[in-house]
């Protein structure tokens, strides 16, 4: 058997196992702590290098240290959106139950990342621009992204029937992901009309390695955090959705008897 | 390295620590909230099972 | 017989919220047969009809028309007519305009056939009244008229005999019998017995929701 | 043939009233209105389109004709494209035709009126098509109006930016061809993709 076949078999096996709520629950009980631990290790290293080792920026002084939370969080806000929409598309096309759970559980996390990116961005903006808010292209697109997340969450909670809600949410997230690039370009063009805005200079064109290193650690750390938080929330959703099934009841009952 | 100097952050203490603090709060929320919810859902299901068992006992007798 | 029209369902189920309405429902209906779906309120009769007619997608099992899956099957859709509680009539249009709309959707343009159909259902005198001016029974008859304007083989009828007078019921029963005699299929719900109805001899029963 | 004339007039009246609220809420400077008038008209058009969306599928859903469309052998997405364009002629097109009149009351110079008119003509069909996705998603909900706004307004931003931005460009004496192309591209994209999303949304929500 050649290695590609082995990898393919492994992937398709994982896909099918993750597609079943019960299998997902079993697997996630092992993977979730691993994600949590990876997040802790990576973000602690990143924090150490970011706050203690990296020298102060020659222009922005120590305020640039906001970058180590702001930039990863801003990246994640988009990353989560893409994951959410991809999962939504998978759910709609292949009718995969667990894909909808990914979509629905991602939305609040993505919204929180987006809100964080906005808040840290405007706090950082105060010393740099002299004001909390400027109609900068990136901040504005991020704000619109936040409203897209709100819309997606609102749709999910508007429907009484869970399956309808899941599919409607998935459809809206797919529609959103088509429009996000258009929003991005339109906002960029629009902000170029508003002259006089100082454009973010993130430590010059080339980032020195002592800044890049902690940023990379933090970025990967946040990615694992997303995995960790997503799995925690998906476990709850699965328990809630499948509360009438035998395996959930057995699981709860066993826990009770052990304690 | 001097700790008070570290917390002073070259005069940007407020900006840096609110940003990092807010991030930490949000991260904590997404860890603590699901864990609490998990316990809640499980106890709900447990109560449901207990109710059904009691109900069954009644109909049997 | 290769051309015998038959609809067969296998292992259908319906879940609403957390409630399982029915599962493992299977049946076969072929030419000249009428499937009578019975069961208490809320047992999923209407949901079953909506699955059959293709408004809702099947979660489990499948429905086959002439051996082919009915999902996105335009041959099936063009041969199946579904008459629901909601009559599918536009209030702002007259009776004949409503009927003409459906006729033209099916690509036919035959003014005479419209009049004939209305006459068959004895509502020709209402032809130029707005649908909102019709009585409930007249609206039922008008929605029934839709079955006759194109060549549908399978009629899916949700409580066709409610809200109409005895005369109307007899009329509709005779239309159904004619349809069955000419090789049509009917799947219907009706909360009362059909034992004393002329449909009885074509009838087979599917009971939902026996606990 | 319009049997329901009130639904034809309501969005138009709403459009004009919103636009006329602005002069009352702004300082009395003729120049200010002239400068922001185009943006005001665009915002009013967006709001008027959005208001009309809730009723787009509502009566069809209530009387059961929408279900019948769902199970008709003809393509649902094509039917929805037709439906959206018909809806547009009764809302967006009429707003566009009336917009020069509002421009006159705002003292907008005539070369800008043309730009605004063309922009609305290209932009409002996209507004209706994208909005119809939201209308289809919320058709079964009893209180869908606010939800439509939350879903749809963020998606309207690019159209608003290019449409209103053209006026700023013209006022500065710059070319607007690239924005016109952008609006046309968005329209082409909405015509090709939105009908599928509308049809998909209806199949999901109607059950």
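Chains here go by letter, A, B, C and D, matching the order in which they are written, and residues are numbered from 1 within each.
Here is the rule we go by: a residue touches a chain if its C-beta (ideal position, glycine included) is under 8 Å from a C-beta of that chain, and two chains touch if they have at least 3 such contacts.
Worth saying up front: this structure is predicted, and the values here are computed from it rather than measured.
Among the pairs C-D and A-C, the greater number of C-beta contacts is found at C-D. Greatest centre-to-centre distance from chain B is found for C, with centres as Cα means. Spacing of chain B relative to chain C, judged by their CA centroids, is 53 angstrom. Taking each chain's centre as the average of its CA atoms, chain C and chain D sit 38 Å apart.
The centroid of the Cα atoms in chain A and the matching centroid in chain C are 48 Å apart. Centre to centre, using the average C-alpha position, chain A and chain D are separated by 32 Å. The set of chain A residues that touch two or more partner chains comprises 161, 243. Multi-chain contact residues of chain D, defined as those touching 2 or more other chains: 207. Counting partners per residue, chain C has no residue that reaches two or more other chains.
The chain pairs satisfying the stated touch condition come to A-B, A-C, A-D, C-D. Those residues of chain B lying in contact with chain A across their complex are 1, 6, 9-12, 15-16, 18-20, 22-23, 26-27, 29-31, 34-35, 37-38, 41-42, 44-46, 48-49.
Against chain B, the residues of chain A that register as touching in their complex are 36, 51-52, 56, 61-63, 65-66, 69-70, 73, 109, 112-113, 115-116, 119-120, 123-124, 126-127, 225, 228-229, 232-233, 235-236, 239-240, 243, 248-249, 252-253, 255-256. Per the touch definition, chain C reaches chain D in the complex via residues 50, 53-57, 74-75, 77-78, 80, 82, 84-93, 102, 105. Of all residues in chain D, those touching chain C in their complex are 3-4, 59, 62-65, 67-68, 70-74, 203, 206-207.
Partner chain A is touched in their complex by these residues of chain C: 15-18.
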